[in-house]
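Take a look at the structures below.
Note that chain A is present in both complexes that follow, paired respectively with chain B and with chain C.
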Partner chain A sequence: MQIPYWNKEIETASRQYLEEIQLQRLKETVGWALQTPFYKKKLNKVGISSGDDIKTLEDLKRIPFTTKDDLRQNFPKGLLAMDMKEVVRIHSSSGTTGIPTVIYFSRKDIENWSDLVARSIVATGAVSEDIFQNMMTYGLFTGGLGLHYGAEKVGMTVIPVGGGNTIRQVQIMKDYQTTLVHATPSYLLHIHSILQKNNISLKHLNLHKAFIGAEPHSENTRRKIQELFNIDAYNSYGLSEMNGPGVAFECMYKKDMHVWEDAYIVEIINPETGELLEEQQQGEVVLTNLIRHAMPLLRYRTRDLAFLHSGTCQCGRTHRRLSRIMGRTDDMLIINGVNVFPSQIEEAVMKIPEVGTNYQIYVKKEGAIDKLIVNVEIYSKMFKGTASQLDTLKHKIKEEVKASIVITPKIVLHEPGFLPVSEGKAKRVIDSREAL
Partner chain B sequence: MKITQISVFLENRKGRLFEVCLLLGKNDVNIRALTIAETESFGVLRIVVDKLDIAVKILKENNFVANVTDVIAVEIGDKPGGLAEVLKVLSDNDVNIEYMYGFVEKFSENALLVFRFEDAVRAQEILAGNNIKIVTEEEIKGL
Partner chain C sequence: MGKQLNIFVENRPGRLESVTQSLLECKINVKAFTLQDRGDYGLMKLIVDQPDRAYLEMANMNFACALKDILTVSIPDQPGNLHKLMTALAQNKINVLDAYGFVLQPEKQGVCCLEIGDIKNTNAKVVVQEAGFVVLDDEELYSL
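Moving on, here comes the complex of A and B:
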């Protein structure tokens, strides 16, 4: 098979060559970082006062981690390394949970980022002939504009519809015969339920591929999306602190996401001790951005949990691969003393064919005891008309969840469309204990 | 001579049954027979209606989880022991009933029973052979 590349030399570079690029770019980035009050103080403390103090990649370990709290405490300009005159774009988190996290880009930074997105798109086998409907929110969130710029660079026909308004999304998919979409997995599942409700057959669509991202999801959810739409769905990873989408992307073989190591240095650490972990060991993803001048970030703790592996990929790319995100260090639930990640529950629930496109995890206190309730929508086509079938289904879901997390949940079945769907990231976990 | 029953999944939520009935009523669909199988956290509504196609269409359009099942309706005398007579025939012939429900007709002397059998073909033969009247789809529409 002909493997498509955007930049073959870099994508298939030897480890040694990649590390040379990393070292050279790290020196440069440290130099930029020293222009900011925040990093100047931080780096001087460990004896780094110029980019040339970085002699080998091992020197990275001398640099302390940067956290989201650091970004907040130094809001708005404490990490800005350029004159505002040179800044062409600002992206930011919504700030609904406190002070926003703001990211600055120079023109060159936007170009570098778009180039990585283009590289990611081409790696999936998408081509310039694709009709690309971008369902990610445009605006301060990087998901929409990030893919938009990359897709235009590849030369695809881009439909910048943005998030929401599902009926219109479907109409546009029909009108322009969209071949490729970019959306959160939960939104794609929602679209499918709207297709069903309105009796719209897949025959009227021309969809072949989807890029899914912006929220952690299980392999079973991907499989479900692929089966329901009869398409290929590619997992992607990014965060605005590291520019946005395009940090890591699955290639056409869909076996985890290549991290573009010429642009990012990836480390996996034990989130409690900060100790570096080996490949295959799951921990917190720590990233250093090597391609952003306006706002360098060194050893940024993403709070995302995953592992790295370096086996050869059939596509020939040498950049190591990141597993799907298993959860976040801050979304772990402690239920009656047991650590539970919502992703474990999702994995168990979504592998059952009678389960529909949405579910919700609800935790509450009953006296002193934590109670886990999993609300599950059923898949209408699977309903045979008997209560006993549904009882069996409830039991099956309960057993699957229990086998996965050792806690016995209460399962409540719902009609499709009952559970709330957010048009961006789904709110799948409600912990009412927090209010107590 | 099977007739078609609609099963509707009802999650445990206030007013859900009312919503089904309201929807059918608004679309001029008349319910001929009804039963609810209930469990602790959900129910399954089973209905026989006069306008099957319309009922299925509007239920699905309104996002209800609905499914159709073949059942057999028989007419029996509305008198003490009427049901027992039919059940005796079935029992003597080893015909298994999955579930059944009944209602009284307005305009005749008879009662109507809806059966779901394990083996519908054999059940029909036995019923017919014992002169028990099986109600047709047309008759349901005309009720």
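Moving on, here comes the complex of A and C:
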């Protein structure tokens, strides 16, 4: 099979060559970073006062991590490394949870980013003939404009419809015979339900591919989207602090996402100790931009949990691959001193057939002790009508959860339909200890 | 032998009302019922006029419910008859999982509903009949 590349030389470069590029770009980036008061202070403290103090890639480890809090505390311009008149674009987080996270781009930064997105698009096998309907929100959020620029660069026909208005999305898909969409997985599932409700057959559409991202999702969700629409769906990873989409993307083989290592240095760390982890070990993703002049970020802690692996990909690309995002470090609950991820509880609960599709995790204080309560809806079709079955089920869920997280939960069984239905991002964890 | 509708209900205000509301909507008539408490939740057990239809309608409305086979025995309403029934069951080593009873006509007829473990593989019905009791057939039960 002919493998399409955007930049074959870089995409298939040897590790040695990639590391040479990384070192040279890291020196340059550190030099840019030193222009900001924030990094000047931080880097001088560890004895780095010029890009040339970085002699090897090992020197990266001397640089302290940068966190989202650093960005907030230095809002709005503390990490800006260029004169404002060189800045051509601002993106930012919504700031609904506090001070926004703002990112600055120079003209060259936008070009570099668009190039990475174009590379990502081509890696999936998408071509300039594709009719691309971009359903991600345009505006301060990077998901919309990021893919837009990359797609134009590839030469596709771009329909910048943005998010929402599902009936109109479907009409546009029909009118222009859209072949490729970019959306969150939950939005694609929603579109499918609208197609069904309005009795619109897939025959009237011409959809072949979807890029899905902006929210963590499971392999099962991808499979479901592929089956429902009869398309290929590719996982995408990015965050505005690292430009946006185009940090890592699946190639046509869909076996995890190639991180573009000429543009980012990726590390995986133990989120508690900061210690570097090996490949295949799951931990927090830490990224360093190598080609963003206006606002370089060094060793930025993304709070996303994943693992890295090398090994040859059938597509011939040498850039290492990042697993799906398994969760967020901020999801982590500490219950009586034990670290618990909601995904562990989900896995334990969902493998029991008598459990329905909905559950909720509730943590509260009882005196000095943390109590974990798992609310579970029972699956009506599996109910046999005896109280002993319910007692056994309760016990079984308790044992499964306990085996997975060591903590003994209280299990509360609920009637089907009792727990709130999730719309988009489900609120499955309620921690009432925060309020105390 | 008759059919009893068992419905999973959470132990909080309004849940029984939602069951009775739904039964009303499907025009199901309740002949007898009992509630089994298990702490956070319970089981509502009902004898209704049309158990098969009631089950389908309630399941459709997303209730967790199931039909269970029960043995319904007509007992003369006089002292000692319940004991006589239990003696017959005990002597034949038949285990009763759950039971409830009510008087239909004072001093004449009462009914005892028995949930018996693995009911299809026991001779419970014969035992009861040989002890001199009448086992209500489906029609008698649902038109009580």
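Worth pointing out:
One rule holds for everything that comes next: the second predicted complex is superposed on the first by the 331 of 436 C-alpha atoms of A that agree within 3 Å, B and C clash if a C-alpha of one lies under 4 Å from a C-alpha of the other, contacts with A are read in each partner's own complex, and residues count from 1 in each chain.
The criterion applied here is as follows: contacts are C-beta pairs under 8 Å (C-beta built on N, C-alpha and C of every residue); 3 or more make two chains touch, one makes a residue touch a chain.
These figures come from a predicted structure and were not determined experimentally.
By the touch criterion defined above, A:Gln2 reaches neither chain B nor chain C.
Looking at the shared chain after the overlay, A:Gln16 reaches neither chain B nor chain C. Of the two partner chains, chain B and chain C are each touched by A:Phe418. In the superposition on chain A, A:Lys197 makes contact with chain B only, while chain C stays out of contact range.
In the superposition on chain A, contact of A:Thr386 is made with both chain B and chain C. In the superposition on chain A, A:Ile378 makes contact with both chain B and chain C.
Comparing the two complexes, residues 378, 380, 383-387, 390-391, 412-418 of chain A contact chain B in one case and chain C in the other. In the complex of the two chains, the chain A residues touching chain B come out as 197, 199, 378, 380, 383-387, 390-391, 394, 412-418. Contact residues of chain C toward chain A in the complex are 6, 8-10, 15, 36, 38, 40-43, 59, 62-68, 97.
Looking at the complex, you find that chain A touches chain C at residues 378-381, 383-387, 390-391, 412-418.
Across the interface of their complex, chain A is touched by residues 5, 7, 9-13, 37-39, 41-44, 46, 60-61, 63-69 of chain B.
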